[in-house]
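Here chain A shows up in two complexes: once beside chain B, once beside chain C.
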Partner chain A sequence: MSKTETPDLNIERDVGNFHYDTTYEFDAGVGLSEATIDYIADVKGEDEWVREFRKKALKVFNDKPLPTHWASRDLENIDYTKIRYYLSKGQRPSRSWDEVPDEIKETFERLGIPEKERAYLAGVEAQFDSEASYSNMKEELSKQGVIFVGSTEGLKEHPEIFRKWFGKVIPIGDNKFSALNSAVFSGGSFIYVPPGVKVKQPLQAYFRINAENFGQFERTLIIADEGAEITYMEGCTAPKFETSTLHSAVVELVALKGAKIQYITVQNWSENVFNLVTKRGLAMEGAEVKWIDCNIGSRLTMKYPGVIMRGEGARGEVLSIALAHDNQHQDTGAKMIHAASNTTSNIISKSISIGQGRATYRGVVAMPKHLKNCKNNTECDALLINTNSRTDTYPAITVRGNRNTVQHEASVSKVSAEQIFYMMQRGLSEGEAMSLSVNGFVNDLIREFPMEYSVELKRLIDLEMEGSVG
Partner chain B sequence: MSELVIKNLNVSIGDRPILKDFSLTIPKGEVHALMGPNGTGKSTLAKALSGHEDYEITSGEVLLDGENIVGMEADGISRSGLFMAFQYPSEIPGVTIANFIRAALTARLEEGQNFSAPAYYKELYQHMDELKIDRSFTSRAVNEGFSGGEKKRCEILQMAMLKPKYAVMDETDSGLDIDALRIVAEGVNRMRGPDLGVLVITHYQRLLDYIVPDKVHVMWDGRIVKTGGPELARELESRGYDWVKEELAEPVA
Partner chain C sequence: MTTTIESTESETLRIGDAAVFEQRQQQFGMAGDWFAALQIENWKRYLELPRPTRVSEKWRFANIRFLDELENFCVAPLRAVDEPSLLERSERLSKVSGRLTFVDDNLAAPRTMSPELESKGVIFATLVDALARYPDLVKKHFMKHSPDLGSDKYEALHVALLRNGVFVYVPKGVVVEDPFIVNYWNQADDVAIFPHTTVVCEDDAKVTVLEFQESLNPDAAGLVIANAHMIAGDRAQPTHDIVQNWNRKTLSFQLNTNTVGAETNARGLIINLGSRQARQEVHGRILGSNSNVEMYSLNVPRGEQEFDQRTLQTHVAPKSRSDLLYKNALSDDTRTIFSGLIIVEPDAQQTDAYQKNNNLMLSESAEANSLPGLEIGANDVKCSHGATSGRIDESELFYFLARGIPKHKAQELMVFGFF
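So, the complex of A and B:
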């Protein structure tokens, strides 16, 4: 293990690789049909419009082909008839850790969540399979009118706030997996920050998969009202099962006039997880949506966070890091849709491919002709370790008109054997040498991240590199 | 025991033997110079001693204060106390000199030992000042965009910080201007002492005017063919290598 990083965070490469035998009071069984949806809607006691929304989505999901004309054929290996779509012990999260069932509480303690909550978080939602087991936020925030609840509670108790934007940033039919999520979603966070309220500490969600042959479909909607500010962080782990696990989330962000939303992900799924996630933010006049997206784990990740800049002066940003080692494919990227003049977007993507690992970048930048003074900057850097690694970059830039500017830079570099030998001659182990090289590659980007996350991320990279020395 | 003993070392690259029964002993406290024409295997020796995988040690021994380091990984050899100043140092993009040397030092910490950042920076700055390396270099990536001379000075800086028991300096003088040569040589001379043995690989007498060696060895075709004092280097400087070759051929003729 590398000794080069000072902070001693409680994260291990395999820290998520454990599981408890749990009895679930609520189980929708295996396979997907209208009956599955009725079961979920009944258990949650949902309004009729939600049930209809789900059923419509199921139809879209069934009708849409897999996007294998451009995406990995590995998608064909997901067997939807073998997945369990809803598993929970109940639909109401506890407000105190003491009331959380023992094995679930222990799970999150092992993952260090209550500790971090005490240290630097404004609120935490801890989801165990399909539902949040724990959800709590500092009292002062509730007093300011901030709402931080699960999707079930959000739709039921605050429809006047959430229904307006639910499914609007990412429509059901956006892609096959947004349709699947829309049909069977459960869990995730619904957040509303009232006008002018600036939440200083981050809110955190932790998504834990415990069960085998399971699909997790959380749904998150964050609305920052005019001038509000919020940072949301999500983490995740799952035990390593022989069979594959599906995680397919939909995350919608709405930043109203002058609001700022920062959404941070460190994805560390085990290597049997298909991670197929749709994330998009809407930025109104003068608003800012920033995605910090780090993908370290999973078998196949397909995720392209996007920002639609709907109002003048809006800003969108995607800063992403992907690390792919053997048996992993990180297919990630960004979408920047400029829908108003004077909007600015920035994409910085860094990928690291090790051994047979494969990292793909796909980007879309769209600037219609009638707009003026829109700017995009895109930087894609790839680092290859060992010659088998593969990296692909597919930037699609649609700039129409001559009053907008796009700047695109891409680079591919390698960590050479001579470089590793040089570092080892100074006393670093091969793993330490590789992780120092990788840290050197991502350093300037990580500096942009909030402290707690950059420390955690560097640590994860160290552990990954240690683990990939053959 | 306090010596670096190389005994009948045979090293191949691919199928091609480069070092042939190479033997040399460097006692701690001494500085030896190794000279010889291009391609005779001087860098091969340095890399094989350091544990580079491409340089296969087919037979022979290398004892570092009695410990056989043949077959050890490069990092283990380094931590055992062997330092190599590279003829062509690698660039490490994104990793600053300060972080790199720090990582190398941390890798040497024993269980329970702590790293002291203030003491580290104090020492680092002191050596940088002595080697006339601007302090702004601490935040530059290792060797990236460095001039030839800057790279070599950075090698000596690392050596000073890591305090090896033995150092092999592979053509540290090449690419240095007159002033830099003096600075580097003074740096090495400061480290000279009873706790360090040095092998200086060089083509030029110039360096040996500053770093006066205890012994000079001439290498030819994979082994040492002649050993003498500092005067041997001067002789090579004026007469070239041909006479060594002729001398070598004589007994056979």
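So, the complex of A and C:
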């Protein structure tokens, strides 16, 4: 019971741990200033209003203090003067894998992206450092009017659609890192699904960091028009470098009347990546926004996907799994802002802390005055594998008035020695027994995921943990 | 017992006046150089510590504007209490071990105390007396623990300006069956008081202290910065219950710690009814194994009251249990904030800690904020917390109405049932 060595985890952590020496045609250099922004805006050939937006954001970023009065002090270890903010081989993504430069193509092939595209995806965008190198969507979707482009192209080619919502769900000054993203964003997906169009297969984006000392700042905006439906999945990997890497994305979702957006993330950054991401969805009347968020990698992740339920009958959901290993802090959670009556939200968060890993849940549930029949359910469960593992829970719930209902529950448990003993008696190895226990812990949540994903995730969390009970 | 009450004519100063501390020391300097030094140190600390701001995490959701008013209150002058009904109103319960009654920090009636307990070495004394007669004992236990939940500035002010209080000491193995009663009243307008209760319950001892906090004058604006510290040895069974019922013009702080050893059974209960705005901090710290600590609070805010409650349960030793339950029934335009944290330190394996906050919303404009937190650093623990905010169940209400019970009566019964 007292063994404290960290179990050996076979969670395919190393699948992304390789990189290719690449010569970049465009490099904004090291450090952040107005010149960096001018360089990015020039390279991208952006309109003047985007440049102004970026410069305004840079000022906000410089003025805002770090949120270390509540957040981890590890944030102070990010050196913004040593980061490269823009690196690319070119601005236009290829529509076919054949046209993608060799080393980039090889990267994505090793990660299995083209294979998955053929198998079950409706469209893929593959981002390599600052820009997408590949972007393709099934032809029938474009015929239906679905738009699936990068952020630069979205703002340039379809301003009538995207400018209206760009920076509206998450304003520049929302937090220090949303300001940083607004200043130097590049890449990400801009998606528009026309009224009534239901995209059955998921669209996928794959984010890859290849370069050292690099900051990736993709920007995603998804608009599902009335009655439309879409599922978007993102995956992320990076090679393991000695120096720290920064990933700071902003993702805005807009679900208009009756629309449904499901956004799935499997974050498997290497352990030198600071992953500071702002994600928020706006759900209008009868609309639904669902975040499925799995955090397995990174050094420090701070991510609290939120839903603002602005229309009556809107629904928000966050399902979250976090796995914190040695040297990792998964600071994740959810925000549910009820801004209309008859809105419901659900948060289920499961975290597993292994070795000296630390998993934190931070949540906000707010129901302001004069609303009725708003409901929230929150469940946070934490599993601690080792004696020195750590977990924290910091929810904040505000309810006004007597016509709403909120319940919050959290529990902390460990893998019970009896369970392991029972399974080993029946012939399982200790590792198999442990793995079965952990899978049992997350199983009811994984069942909620789309099938292809639950298979992959189960494999990812297939733990091999000989001699780790205790 | 030696304090005599006489009116003094000297000018009463406000907390914000630079000379207030020196005047206070000259008038009320208490026995012991170490005590004077502690007060000087805390006055310095008070002046140096920054005031909480809107972004202070430990004051999240709280309305902190009232902090601007604190320095306008005068320190309570020494004067005779003129309120004939006082003793009668302080005479609660018939079977008691002793009574102490204060009005505006002045001892208002002679102490009563069971002679039998006195002969067993039990101390139930004013802080002034205890400092004079048992200086070492007081020094050993006085202000050795802090809630550390955001009000350190006001804790420092409490120590710097306090001039009386209650010291309870129960020696090893002594069981005090009947409760000690402490009455703290406030009376004068615009006056700040600093009630202080220290309860030391040694190994195998048992004691119950009931503390009533009330106002003689319903219209006098007051500031109360109260501290209560309970220190329990091994196998001790202390109980400290507080009924806070200051008038609706009083701003109050209640800063408490419960520190327990092994195999203790300790209970702290705070009932909050009064105050315009009440800030409460309770830190339960378990240093020994197989202890059981209960931290309860019942809150019935009405009108525009705000109750801001912060709690901390720290498990330092393994195999202990703590149970926290805070229940609020909110009417009218009231606000409550419950912010709780359980910390299980890495060595505290097999901890069983529970934390629950239930809010019953009785009006459309009441607001309940819940921040139930956990920080768990050991893996073999049973820890959970829960927070609910709900309303009176319509079908239950219908059941009452169908049986001829009027709506307001039914609601009253259901609130009663909620507690």
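We adopt the following convention: the second predicted complex is superposed on the first by the 434 of 470 C-alpha atoms of A that agree within 3 Å, B and C clash if a C-alpha of one lies under 4 Å from a C-alpha of the other, contacts with A are read in each partner's own complex, and residues count from 1 in each chain.
In this text, a residue touches a chain if its C-beta (ideal position, glycine included) is under 8 Å from a C-beta of that chain, and two chains touch if they have at least 3 such contacts.
Just so it is clear, the model here is predicted, and its values are computed rather than measured.
K.L.:
Return the chain, chain B or chain C, that is in touch with more residues of chain A.
P.N.:
Tallying touched residues of chain A, the top partner is C.
K.L.:
By the touch definition at the top of the document, which applies to A:Val399: first (chain B), second (chain C), both, or neither?
P.N.:
Second partner only, chain C.
K.L.:
A:Glu157 contacts which: chain B (first), chain C (second), both, neither?
P.N.:
In the superposed model, A:Glu157 contacts neither chain B nor chain C.
K.L.:
Determine, under the contact definition given at the top, whether A:Glu432 touches first (chain B), second (chain C), both, or neither.
P.N.:
In the superposition, A:Glu432 contacts chain B only.
K.L.:
So in the superposed three-chain picture, is A:Asp42 touching just chain B, just chain C, both, or none of them (first/second/both/neither)?
P.N.:
Neither partner.
K.L.:
Between chain B (first) and chain C (second), which does A:Met424 come into contact with in this model arrangement: first, second, both, or neither?
P.N.:
first
K.L.:
Now for A:Leu384: first (chain B), second (chain C), both, or neither, which partner does it touch?
P.N.:
second
K.L.:
Once the structures are superposed on A, label A:Ser413 by its partner contacts, choosing first (chain B), second (chain C), both or neither.
P.N.:
both
K.L.:
Show which residues of chain A both chain B and chain C reach, each in its own complex.
P.N.:
Common to the two interfaces on chain A: residues 413.
K.L.:
Sort out for me which residues of chain C touch chain A in the complex.
P.N.:
Where chain C meets chain A, its residues are 55-57, 60-61, 346, 349, 359, 361-392.
K.L.:
Which chain A residues qualify as touching chain C in the complex?
P.N.:
Per the touch definition, chain A meets chain C at residues 1, 69-70, 369-370, 382, 384-414, 470.
K.L.:
Can you name the residues of chain B that touch chain A in the complex?
P.N.:
50-53, 73-75, 77-79, 83-84, 86, 89-95, 99-104, 106-109, 115, 141, 158, 162
K.L.:
Which residues of chain A touch chain B once you look at their complex with the stated criterion?
P.N.:
Against chain B, chain A makes touches at 2-4, 6, 413, 416, 418-419, 421-430, 432-433, 436-437, 439-444.
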